[in-house]
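In structure tokens below, several structures.
What follows is a pair of complexes built around chain A, which joins chain B in one and chain C in the other.
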Partner chain A sequence: MARIELAGLGHRYAGNKDYSLQPQSMVWEDSGAYALLGPSGCGKTTLLNIISGLLVPSEGRVLFDGKDVTTLPPEKRNIAQVFQFPVIYDTMTVFDNLAFPLRNRKMREPEVRSRVQEIAEMLDLSGSLSRRAKGLSAEEKQIISLGRGLVRKDVAAVLFDEPLTVIDPHVKWLLRRQIKRIHNQLKLSLIYVTHDQIEALTFADQVVVMYNGEVVQMGSPQDLFETPAHTFVGHFIGSPGMNLLPCKADGDRLWLGEQSLALPPALAKTLGGIAKPLTLGVRPELVQVAAEGEAFDTEVLRMEDLGTVKILTARLGGELIKAKLGEHDTVVTARTRLRFVPERTMFYADGHRVA
Partner chain B sequence: MQLQLEGVTKQVGAETHIHKLDLVLQPGKINVLLGQTRAGKTTLMRLMAGLDRPTAGRVLVDGQDVTGVSVRRRNLAMVYQQFVNYPSFSVFENIASPLRLSGGLSEQEVKARVGAVAERLHITHLLDRLPGALSGGQQQRTAMARAMVKNAPLLLLDEPLVNLDYKLREELRAELKELFSTTATTVVYATTEPQEALLLGGHTVVLDEGRLLQFAPTLEVFHHPATRRVAQVFSDPPMNLLPATVRAGERALYLNEAVAIPLARHLAHLGAASYTVGVRPSHVRLARRKDSDIAIDCEVELSEISGSDTYLHVRFKTGKRKALDWVAQFSGVLNLAPDSHVTLYIDPSELFVFDEAGNLSGSPDRIVDLTAQPAAVTV
Partner chain C sequence: MKPINNMAWFLVLPVVLCVAFSAVIPLMTVVNYSVQDILGPDQKVFVGMEWFKATMRDPELHGALIRQLIFTGTVLTIEIPLGILLALSLPASGWRSSLALVLLAMPLLIPQNVVGTIWQIFGRSDIGLAGVAVNAMGISYNYTNSSLDAWLTVVIMDVWHWTPLIALLAFAGLRAIPEAYYQAARIDGASRLAVFRYIQLPKMSGVLLIGLLLRFMDSFMIYTEPFVLTGGGPGNATTFLSQYLTQKAVGQFDLGPAAAFSLIYFLIILLACFLFYTFLQQNQQSTDKSTGSGS
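What follows is the complex of A and B.
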């Protein structure tokens, strides 16, 4: 396992004047579970390809345990990879498929056996080790691909590129849990690329959120949810995403459209010192229907019943606000007063968090 | 338009892909086809479209038998998982192609129709571009515009958002729901995702291994799944299912032969027998809310923390039978160490119960206000 360091790493594809990956430095600790999360075209695949060695960056360096591997090809980097679709040998048995990366490294047969059995146990494949891969479903094959990626202990890192795309939702629950347990037990360094936020958040200790070629935040799932550093993180993490509402701070009052609330003195001072336009950010989970107290009067537009939660959409001035309510909550009036949990309300200028 | 399948089956060689089924789609509404991969969703859509001919049974459109009438002579449109566009045609020409094919419209009318549908799908600014220059989301919007430009009375969408980013999917799904609510088109929408069915609303057909398991308003299927299998297919995170028995002369369910749960009002009719109890992950709680709540001792396997929610995987060890795996969903962050002990609470009035054959024996009372679907509160 290795500590991975990106030093001033950036990439421009030949002939492009814009960066696909903005120059940046960061460290990924040994034995960590990292997820790279972002929409298509955000640069996450470019970054993964640089780490795996498929792409040589136009600037900066990649270090594995302090050793410069920037120009080394993938096969010289001692990494394992799992792709979106199964890559296995159809004519081999499940056992031989799992053993392949080990035998390839000339591991002795008794060790191969114990290692394969260990990983097969963890992925519930013990019963099918002697079957040929050919007759298996795409899903079963993908589980074997996962096993092949996880079977070697001596790799610097295991890279996953959208590995659960072909898996049914209910099986994803089991597999995620298994991968996580394997990580807890084997302490492999894992890097997991996905556009699925639930997958990234539940899998990783640290999530690296990318947007327009830039890492806009690296943090725990809790950090990303509770204190998004950038409006993009607020929007992208969570379903529905964070409410982002233009606002104005005027002395000790906070204005949203025509309505205002009192601001605590410290916050009023911070916000008063910012010349740029302000945006208020609050998660739908932290918008509450308030019977009394300070709240904003809003027009109720619709309520969607999603079985175990309800989503209320309301209008405040020209902006829409979403609130996540409980499965038995109802709002039957045409207007309702909404309150934002004060200590969980964020402020942004130019996309970046200021308070 | 009313589409009806009557005793339809589909055999391919010795394999049965669709078992005999009857289905009358809700005309002018969204009909979700929910099922896991290989449940038969695509096969069923192809039968509806006339792309394939059923082995037995009839397909009726507004009461008229159209079995065996080719797709070319039917008035319908289809959208696939893979965005299919003509690469050498501009977005405008792609969208216009079905109108040109059927002919009879002046250039001015074609322009007006393409313009209108492009506006509804927010791609007006892309009309001059080639599909190759578009993002995945824009390509799928183009494919949808082409399917919708004909105003066909039947629109079939086969997992149309599956290849798109999570956030894009969220956005497009909300737009589609809005679009469908304003047309008289009968929409069939296939998906593997329970959340997607709930977000779209309408009616839901649950398919599993080529069998139609249930067809009813979406929330009714969710709250009153006809069988254990329906509950499994239509829940994410999956519903916790546990063996239980009602003993002769007793008015309680014994979970795993150990924990006694007095029968709540909706289960009062249960006789002595073996059952499966279903508990939704969001109905498993960390603290007692009512005196009647039942405490269950568990061992933590793993906390999955998404930021907004914690999915706690636990092992339920009480009783003689083997340990059972559960998932509990809590809002917020709860980091419990693996192998630590935790007491969880369930409310007897929130239990689902299925009989030995897997049929629903009791589900929590629920007032499903159907008028409250898609645009709920009338202002």
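What follows is the complex of A and C.
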């Protein structure tokens, strides 16, 4: 168990002048369940490999419980990692697979035996300990990979690198639940890399969203939904994603295309001080049809009925707006007035949230 | 019931003819020779299994067979581990890797009789670079009159010629191992030896088995290189099976015994190949089983 701290950590692969991982600092609390979420190629695996020690970062430091481990090799770090494709030692039995990390560390055989039994019990592998690992199914192999990480008593954190990629959809949830159960049982720190938002949001207490080699937000699933710190988070999380509309603040008025609304004085002051182009972000759930009051006049394009909700797509100036409406809301006219819930509307400059 | 048109048999006729002339008739001719004593073009005596019995009791053949087994055993025990070692020490990628592979593959591109000639000259104790150098170091070396030297030269030549094949196969096997295996092994704290024993060797076993089969067959039928290099000598120290057979059939024109002998030779190779094949199939099946379940 350990608190993992990254201090000014950045990485450039040799011969590459662009950062694969932007220099940044952050703290991963002990025994938390973290998900590292982001599209392919955003630096998730690079970050994970730096934490596990497979990769030495080109700058910055990695601290476990305050101890600098930046240059320590993986076998000295007490980190377990489960990879995208199940790694199994084909010629060994399940028992020998689980015992392998212990035997490599010269643990005495009776201790190895009891420890392996214990972990096998926890992972429901007791029945297949004497089987050859070669013939097992992908999900069983993944469980064994996990088991190889867990047998070491001193393990500080378990890292998962998209572990469910090759698992059949109908057993995915089973495996995910098993991982979750083990987390609750052992209170291990877990870092779970995925590009699937549902997987991340259901699995983790804290979701770390990465974009272009940069951690753009670290927060609970609720935070990510309600106050996305970056336009990417707004767009990536939620279905459909956040509406992102270019806007302009001019004195106390907010302009969206040809139309404008009055801004509250405090917000007007904040936005007025920003020179960069502004983007307004609002969740489709928070776009409402307004009968009266201040609202934007939009052209209705289509309405999709998804059963419990309806998705309205409308055009405002040159931009499209999506609104999630209730089952009983109906829009029959060709134009409608839409309002955004003011306190839940965000503003972004250069992708980052400013208000 | 559908009408049966026997004319359809003519459709397979071309294949039947091809196989007949390329395999069945020659083989049957050999079988025919093996049961007769041929005294002249028109004088033949049926002798039954006589030649087979004689061949089995022929001390010269026993000698050739034993030499053959020792030779094949020796080159296999050197070439397989050496090939693996070479593959492990090759650079994994980049221009160095390409260069190393090209250099390594060179001996494989040289025709057998040229290989024989190269080593025949290279090893000569009067003008050959290696021969003169070894003698200059004070070690007496002459493959034309010392059996040991002749053996050493033939074995070294075969190792030089064919180890690259094993190395290339093993290299291909190594490259097919996903990086995650090495990463997992590092996290599991595996030693270099354990990585080889539990990851690299099992993953290479498929291609290595094919390499072993190829090298077994090739070395068991070796003819050209020793023929060019030593001519089977000194005496018959480096006379292997195929050379002995050629001496009998073409040199002495003992067609009957030669035919009986070639059939036995053929059966030995067939048996060995069958064993290899069965083993390969089993290996393949157990691999299929494990990959067929979704991984």
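As a convention for this text, the second predicted complex is superposed on the first by the 263 of 355 C-alpha atoms of A that agree within 3 Å, B and C clash if a C-alpha of one lies under 4 Å from a C-alpha of the other, contacts with A are read in each partner's own complex, and residues count from 1 in each chain.
The definition used in the following text is that a contact is a pair of C-beta atoms (placed from the backbone, for glycine too) under 8 Å apart; a residue touches a chain by one contact, two chains touch by 3 or more.
Model, not experiment: these values are computed from the prediction.
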- For A:Arg148, is the partner it touches chain B (first), chain C (second), both, or none of the two (neither)? second
- Message: Contact-wise, after the overlay, does A:Arg181 reach chain B, chain C, both or neither (first, second, both, neither)?
- Response: first
- Item | Touched partner set for A:Glu226, first chain B, second chain C, both or neither | first
- What is the contact status of A:Ala266 with respect to chain B (first) and chain C (second): first, second, both, or neither? neither
- Message: For A:Ala275, using the defined touch cut-off, is the partner it touches chain B, chain C, both, or neither? Pick first, second, both or neither.
- Response: neither
- Query: When both complexes are superposed, which of chain B and chain C contacts more residues belonging to chain A?
  - Reply: B
- After lining up the shared chain so the two structures overlap, which partner does A:Asp168 touch, if you call chain B first and chain C second: first, second, both or neither? both
- Task: Look at A:Ala291 in the shared chain and tell me whether it touches chain B only, chain C only, both, or neither; answer first, second, both or neither.
- Result: neither
- In the overlay, answer first, second, both or neither for which of chain B and chain C A:Pro86 touches. second
- Message: Looking at A:Pro240 after the superposition, I want to know if it touches chain B, chain C, both of them or none. Which is it: first, second, both, neither?
- Response: first
- Residues on chain A touched by both chain B and chain C 137, 139, 168
- Item | chain B-touching residues of chain A, taken from the complex the two chains share | 39-41, 137, 139, 168-170, 173, 176-177, 180-181, 184, 195-198, 201-202, 220-222, 224-226, 235-241, 283, 285, 299-308, 327, 331-334
- Query: In the complex formed with chain A, which residues of chain C make contact?
  - Reply: 178, 180-181, 183-184, 186-191, 194, 198-199, 202-203, 286-287, 289-290, 293-295
- For the complex, which residues does chain A have touching chain C? 49, 52, 54, 73-75, 79-81, 83-87, 89-92, 100-101, 104-105, 134-139, 141, 145, 148-149, 166-168
- In the complex, chain B residues that touch chain A: 36-38, 135-136, 165-168, 170, 192-195, 198-199, 201, 219, 222-223, 232-233, 236-238, 280, 282, 301-302, 304-308, 311, 313, 327, 331, 333, 338, 372-377, 379
